[in-house]
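Below: a set of structures, written as structure tokens.
Both of the next two complexes hold subunit A, though its partner changes from subunit B to subunit C.
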Partner chain A sequence: MKTEHEIVLETKDLNFYYGKKLAVKNITMQFPKNMVIALIGPSGCGKTTLLRCFNRMHDLYKGTKYEGEVLFNNENILSKETDATQLREQIGMVFQKPTPFPMSISENIAYGLSLKGIKNKTEQKDRIEKALKEAALWDEVHDRLDKNANGLSGGQQQRLVIARALAVEPSVILFDEPTSALDPISTSKIEELISELKSTVSIIIVTHNMQQAARISDKTAFLYLGELIEYNITDKIFTTPDNELTERYVTGRFG
Partner chain B sequence: MKNKKRNQKNTSNAVFKFLTFFASSLTIVIIISMIISLFYQSIPAIQKFGFVDFIFTREWSFNKDIYGAFRPLAGTILTSIGALLLAIPIALGIAIFITEICPAFLRNIISSAIELLAAIPSIIYGMWGLFTLAPLIEGTVQKAVSSTIGLLPVIGPMFQSEYAGGVSIFTASIVLSIMVVPFIAAIARDTFTQTPDILKESAYGLGATKWEVVRYIVLPYSKTGVQSGIIIAAGRALGETMAIAYVIGNRHGPLNSIFDPYTTITSVLANEFNEAVGTQLSTLFLLAFILFIANFITLAIAKIYSRRGLSNEL
Partner chain C sequence: MNYKLRKLKNIVILSLSVGATGIGLFFLGFILYDLISKGFSSINIELFTVDQTPPILDDVKGGLRHAFIGQIILTVVATLIAVPLGLLGGTYLAEYGRHKRIGRVISMLADISVSMPSIIVGTFVYAILVKPLGSYNGFAGAIALAIIMLPVITRTTEEMLKLVPWTLREAAFALGASYNNLIVKVVWRGAATGIFTGVLLAIARVAGETAPLLFTSFNNTQLSFDLTKPMPSLTVSIYQYASSPYSSWINMAWAAALIITVAILILNLIGKLLINWRYKS
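Our next item is the complex of A and B:
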């Protein structure tokens, strides 16, 4: 259906090892631009591991190994020449738990901007406001930007983290179960936000919550034991999946 | 029968409670009795010189029987500050290297070496400082500095010394810094490793380099821990005796240069206590009392700091 969509990220025969354990097996898939792609599957299926290949987060730990290719802007980001630091400016990440830095609300966002080389105070100020508005947090925090970010509620902290990721204007944001630590109201705010954001960034989201995947994603990939079992339009995955395993998982019969 | 058993249980419980209470209160009793006895022995000196005057008197003369705390106190404070200035960057560097950079096999070796550094008896530092480090410093650092910076107008004399042997406030600060590095490094290492991985990953995820993560995430996150480590090290530096007594030079004269020998409270105590009588003995008790209070204050600051840090994080 959406074959005319531009591809932002693409994996080719991607394998990933923790030591000798193969955690992601031979995955080839394409991520269209300006869409929300959900990765679902039972715990330990490799969905988070796969997500963390896209910004080479695994590089931080010893004994990890990639094989195959991950193409971003037609470049293999797994190659030695790719500067992981620069890559991560273009592919942002939001984690399971809100991770505000131990500084004020505005400094949290300014931090990412400074890393990118944007140090002009006026420009920073504009960008902070823009990012907070995009993350639907501005109205709640505009009068206490210089207060410690730890004073925000969990949901606000997570939106701050999203604002921080948005401020550096990445083309992709990776979400690793972003609402698993949040209450239902905060969760629905984040979900709403993710749906709005796809007009500006491409989104890949790992989630345990199948309703969430069904609600917000355009395409869904089902992974099991490190393998990509099925990848299709979200509606199809949740109504008439081709694979029996997928059907059993989305109908809650295992997982 | 059952009742008897219960009674036995209650008795042993009471005994146990009493023993733990006794042990804990004993520490308080010992501290208080120390303060009282130090103060009691100091009374003649306080009566003779007055507490405030005593602190600001520079003289230290057996002939006139006049003693002032100014020089030993200044020596103690200066060597401690010097030691901390040298030790803090080195210790933080070590802690950063161990936690963030160093390969696993080296980590244990370096950690053990640092723990060993803390376990060396201080008299050994003193001997090594006097016989090896002091001549070495005199022949290298001191020589180089006094023939360059030492020739500058105004500040030059602060880097010149007429005393030979290399024992000086500078050498004492270096020896002291080596002694306190393990304390700061160990506490810094422990607090650095407590920085949540997910927080560091978030910074890396924004495109931070290792240095940027350390500078802006790990260090701020560990600020309180590192600060209390520094204050504990300061307490240790203030009270260090044997090593300092060897390398400070024990000279009750005006301090004109960082390469001049000088004196500290602890070195005065170590050197003069054996032969002191009368006013001099009481004076030494008063110096000890002052040191005790200084240490007490640093410890109190450390406690307040770490408590305030905790309430900030919540």
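Our next item is the complex of A and C:
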């Protein structure tokens, strides 16, 4: 791996509060471009909270507060001037449970496109096909694009959600435990997909599954009680971690 | 001993509840039987094609065309008023006012208005739209019906929107949608069947109302499309015809009562079927 890698996202002394409770503590880390970065750690360690800082998802709820900086394209996205809506077009998100909208498969993708101002039907059609191909779903759904998305299986729904995120051409996609509600076969398809996608987008993935982090990520960050304990190349984290806590977690002795 | 006592209690309670159900069903059946036996024979083509004629003219067949059309106009105008208001009100309660005290208060008031006696609505509209204007008018009737529909539609919309999982809203936010946009494009879409069902049931609720119309649109012996004038309606016509001394009018009242009952029954059935179909999967 090259040491000089372009950085897509960077946090500087990031603190995040739910009311008075400090949930993410003083995190400074860099996310290189076109890599898969895994965030691991036991439940409640703040990994999902950290992930949701990157698209300002916490803005939707009262009593939340950010401190410090999150730099994206050299701009602090936590500043008041940043428009969260525009930010979310560039930093997409895929959730734990598949979230297809109650509309047809093609409309699911067209919705994001029209939000971005792409309303031309022909262009939408091309983009829908491209996105579905990138998400490895095209072969399964190309003959039923106008059918309700709720009729797809869980794994297909999750790939549709990924296609929907890809269609608006974001630079980063955040995955919040994307396979924890899926069966093993769907899981391996999504993992394969994530590994392929990193050539076009940068990926940050929160996972409970350490094998998953080891299989698909280039770098892994271990968080514990809201703090970044160790952040390094995935192989190193899983074979010779520097920190004892990390070693105990990845070897399954706590968590 | 104890076991026998329990068994006896069970039999007593069971027979009492079966009996109570039976009494209820008996009267329902009785009403329907009466309606069908007396109403069905009076249904003829003139009922729908001819307006009111003087009851003493035995050779001229009268009808209720004016009342059917008036009823439809009143209901349609009421629906046009109540649906947008109810939809927006319900949206406020389920979305923007979800965690606000004012939202809960409005929601509770709407629940109370659902069971408000309709004659109160009639007299209220009489006081604000009939008395000051000096004449019974169709608008007043439509507004009275709309006032009765409004809380029903508001509350159904609220409940249906709340059934749409919050995660869908988060997902739309994550795509870069604004709250307004995602409510209209995603949340309403997901709740559309439920809201439509609520509207149907609200229409069924007002289609049989007489009291609010008696004080507002009153009645008209002629077909009228002028909402500023008194407007005929089936329910008020049934009321007047049934309390008249003329057998031809009384027969027409039976026929109209049968038709309106069947219409409401059909609306309710469609509503129930839609609910079953929507929440089956």
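We adopt the following convention: the second predicted complex is superposed on the first by the 253 of 255 C-alpha atoms of A that agree within 3 Å, B and C clash if a C-alpha of one lies under 4 Å from a C-alpha of the other, contacts with A are read in each partner's own complex, and residues count from 1 in each chain.
What we mean here is this: contacts are C-beta pairs under 8 Å (C-beta built on N, C-alpha and C of every residue); 3 or more make two chains touch, one makes a residue touch a chain.
As the structure is a computational prediction, the values presented were derived from the model and not from experiment.
J.: Subunit A superposed: clash or fit between subunit B and subunit C?
T.: clash
J.: So, does A:Y111 touch the first partner subunit B, the second partner subunit C, both, or neither?
T.: After superposing on A, A:Y111 lies in contact with both subunit B and subunit C.
J.: Return first, second, both or neither, reflecting whether A:E227 touches subunit B, subunit C, both chains, or no partner chain.
T.: A:E227 sits against neither subunit B nor subunit C.
J.: Would you sort A:E247 into first (subunit B), second (subunit C), both or neither based on which partner it touches?
T.: A:E247: touches no partner chain.
J.: Quick check on the superposed pair: does A:A165 touch subunit B, subunit C, both, or neither? Answer first, second, both or neither.
T.: Touch status of A:A165: both partners.
J.: For subunit A, what residues appear in both contact lists, the one with subunit B and the one with subunit C?
T.: Of subunit A, residues 55, 57, 60, 62, 85-89, 92-93, 95, 97, 99, 101-103, 111-112, 115-116, 150, 161, 164-165, 168 contact subunit B in one complex and subunit C in the other.
J.: Taking the complex as given, what residues does subunit A use to touch subunit C?
T.: 55, 57, 60, 62, 85-89, 92-93, 95, 97, 99, 101-103, 111-112, 115-116, 150, 161, 164-165, 168
J.: Which of the residues in subunit A come into contact with subunit B in the complex?
T.: Going through subunit A, the ones touching subunit B are 55, 57, 60, 62, 85-89, 92-93, 95-97, 99, 101-103, 111-112, 115-116, 148, 150, 161, 164-165, 168.
J.: Okay, in this complex, where on subunit C does subunit A touch?
T.: 99, 164-165, 167-168, 170-178, 181, 185-186, 189-190, 281
J.: Using the touch definition from the top, list the residues of subunit B that touch subunit A in their complex.
T.: 104, 196, 198-209, 212, 216-217, 220-221, 312-313
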